[in-house]
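Labels run A, B and C following the written order; every chain starts at residue 1.
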């Protein structure tokens, strides 16, 4: 990386707004154009949810330079947090989301304390193993989580705004726009965070940890905070996933999903803000499409992994922007 | 009760020996090439399936010898074609590459040999219990442990006494210097990957005889192997050996008091190690951190 | 583009073909009237793939057979198969896809009960008729029953109830249970214990993780307890490993081996010497007293080259049930199909077993017989002759009254 840090996130002010405008125009008009292309609303909803997970994960990988391979854990904890709230506490969608974020965020914060000194593959390996602990707990705690069969018996509640009620429970289009609104707030916060001095410091750590340390930046504390924030946002995506499916199951915590989140970020371009969303779109659509055509879809998905790593390591947006990555 | 505990310690060592075989291969590759091979469980499955194919022609004993070698050859080729291209890059790439490879290999096994499980027959001699009193220890278990001991001893001798082995050990500590001394590091890494695959293939043949064959057979063994490495300490093969045996015995002992928790206990051990001694039992501070 | 049974078979196609399909937009060939579309979601990848593959094959066979005749209501049938990958999120998404995009008339699936349940929430909301061919946990036709959901395979409780009587009668009433520690295992064990207690039996039990590979510690405890029967409630690979180790330890000389559900797909994966024990099959291909079975087996073998398993039968029955209900209702409308299915009996060439086989109105469970018998190494030179039926238990007897299932069926107004 020879480019200075700030440029890598935001190429040019003009282009940055253009990209954002295109992304939002496409997202807002989904119900209008998607069915014409043979898509369906639930597919777009899945793209949004996994896109948010990948973007949240990318705060860590793309903008802090730390490699977690266990983010499904926080995604799944978010899903269980939301599901358990709806099932046992109250039929409130906002409360469910809040509890999901808290469960995943707190777990990430605590675990982060244990591992901030680890780097590289070792960090990745420890995060995978922790992810499997979360998987194992959800899988074994039959009484609370429903175990292997998953958590059932809850549905997302209509949104009560005081003056009006939005029926996100039965109206798919309304639910899509609800997801989009949450997505907008979350990614807006992420954008602000990266533009803040804290975000700049993370980039400095990513670019050259040693130099950042010489400058007196408390590296461990920053990585820890970045990890925690990333986990909390990923948990939000998980909570939305539970609302989307009206179900939470242990596979939402499994390392396979962690790997998929990583590939989404890399495939779209981990140095670009919108990269992971683009990657999530490609991945979800490709998987949906290929798995309808052939039972051997795993080979194709695996091939995507291999080809991206070997030939497109900068990802789609990375290539379009012509810089970043390696 | 005492007898039950004693038995479970023995049994744990047997299971642990199996984790060790798998984890040592992973550990070798991790130490020298800084690559976590997510497809390691699929190399194991490949070894098992190849033994299944070979047994009718060359018998179980022949397959036990040939199948790991073929797995090693396969590993060598994969390393040359793909893995070597991500060396020195961000670890995310090696993880994704082997992850994708795992998908493809699992699907290939399902495509070639079908989704159904397949039984693998071992020689009658090995399927018998030792004696009527020790009915729970079959010759196959003894045989598995013996093979693991031979393989582990062989590996350590290889690393200690052969030229390639010494270079691998040296490369683990300081690859740049080894390179500067004129060693072909590329070939060294390929050979090392092949040795790791050999161990996976061997584990695959043994597993096929014990639990049968199916396309997902390696999946359940991958995580315990990771944990064996973390518990033992990254960078230390002896640590991996100890880690594997430790979690095997812990899982078996838990079966005595609380059978349903026998899977969970290995994760608890890992957490304890991370809190109390983050570098693992025999890991060196600074290694790969 | 989704796979269709009418045009081509599942799976194995070349990359070139796939590339072409990927490049071309989905085009539905105009062939007179629109076909009846059946969407099937099953875990074609993952640990349940062998069972799922058989169910799909059975359904596909039935579709092929019906399309040669009159289809459903005179329309051709199109079977759209989607892989749930044994993952709830994917299964739900594929169900949405089939309903929203492909506008299917009927949904089948899933082998995994958790996914089947999550799917039923979607189909219920969309008022789409839904058949669960092979997901076993009780609540689907019990506490969580829904007006649009019917099930072909038995509940876990039914399988357990059917085997208990036979095991006690033949071997004795002292049982040792080895049970997987999750909802399925717990339900199964509770159902066994309930029947066993009613017969005055005694037991000990141990619960193990689902994927247990080594049973030696538990088998030692079992041996010390000296039961008449060791009940292996594990599933899949764990079930096989438990059987193997039971045999390796020579325990068959001291006690009998038994359990609830067994499948032809699973027996094939058991080494010859360990093919033993008394189990329940939910359908079996050797029934000399039922003439229709012989004809079906011969035709199925001709079409697929395989001996039909219970899973094949589930898939076949699912398709045939839609046809029968649609003919009775004169419509493919969800609520009408549902009412037509209630108390509908299957004709002999579909039921393929003795007695009256019908969908019970109270819980939407198919009241099929349970075939209890002994597993053994292949008899003669037929590799699939690995099971001998010793008693046929009527489904209604095993299921007990509707009131016991906890189902309160509510139809839409």
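Note that a contact is a pair of C-beta atoms (placed from the backbone, for glycine too) under 8 Å apart; a residue touches a chain by one contact, two chains touch by 3 or more.
This structure is a prediction, so every number in the text was calculated from the model and none was measured.
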| For the chain pairs B-C and A-C, which is connected through the larger number of C-beta pairs in contact? | A-C
| Chain whose mean Cα position lies farthest from chain A | C
| If you average the CA atoms of chain A and of chain B, how many Å lie between those two points? | 32
| Separation of mean Cα positions, chain C and chain B [Å, integer] | 36
| Which residues of chain B are in contact with two or more other chains? | 107, 110-111, 260, 263
| note | Touching at least 2 other chains, the residues of chain C are 12, 44-45, 181, 209
| message | Which positions in chain A are in touch with at least two other chains? | response | 140, 296, 298
| said: Under the definition above, what is the set of chain A residues touching chain B in their complex? | reply: 61, 67, 69, 114-115, 117-122, 124-126, 128-129, 132-133, 136-137, 140, 259, 262-263, 266, 270, 296, 298-299, 301-306, 308-310, 313, 326
| request: Going by the contact rule at the top, pick out the chain C residues touching chain B in the complex. | output: 12, 44-47, 49-50, 52-53, 181, 206-209, 211-214, 216-220, 223, 236-237, 240-241, 244, 248-251, 265-266, 268-273
| field | Touch list for chain A against partner chain C, complex | value | 35, 38-43, 46, 139-140, 142, 146-150, 152-153, 155, 170, 172, 241, 244-247, 249, 251-252, 288-298, 300
| chain B residues within the chain A interface of the complex | 30, 34-36, 38, 82, 85-86, 89-97, 99-108, 110-111, 223, 226-227, 229-230, 234, 260-261, 263-264, 267, 270-271, 274-275, 278, 288-289
| field | Touching residues on chain C, where the partner in the complex is chain A | value | 1-3, 10-13, 18, 21-22, 25-26, 44-45, 80, 82-83, 85-89, 92-93, 96-97, 100-101, 113-114, 117-118, 121, 125, 137, 144, 181-184, 186, 209-210
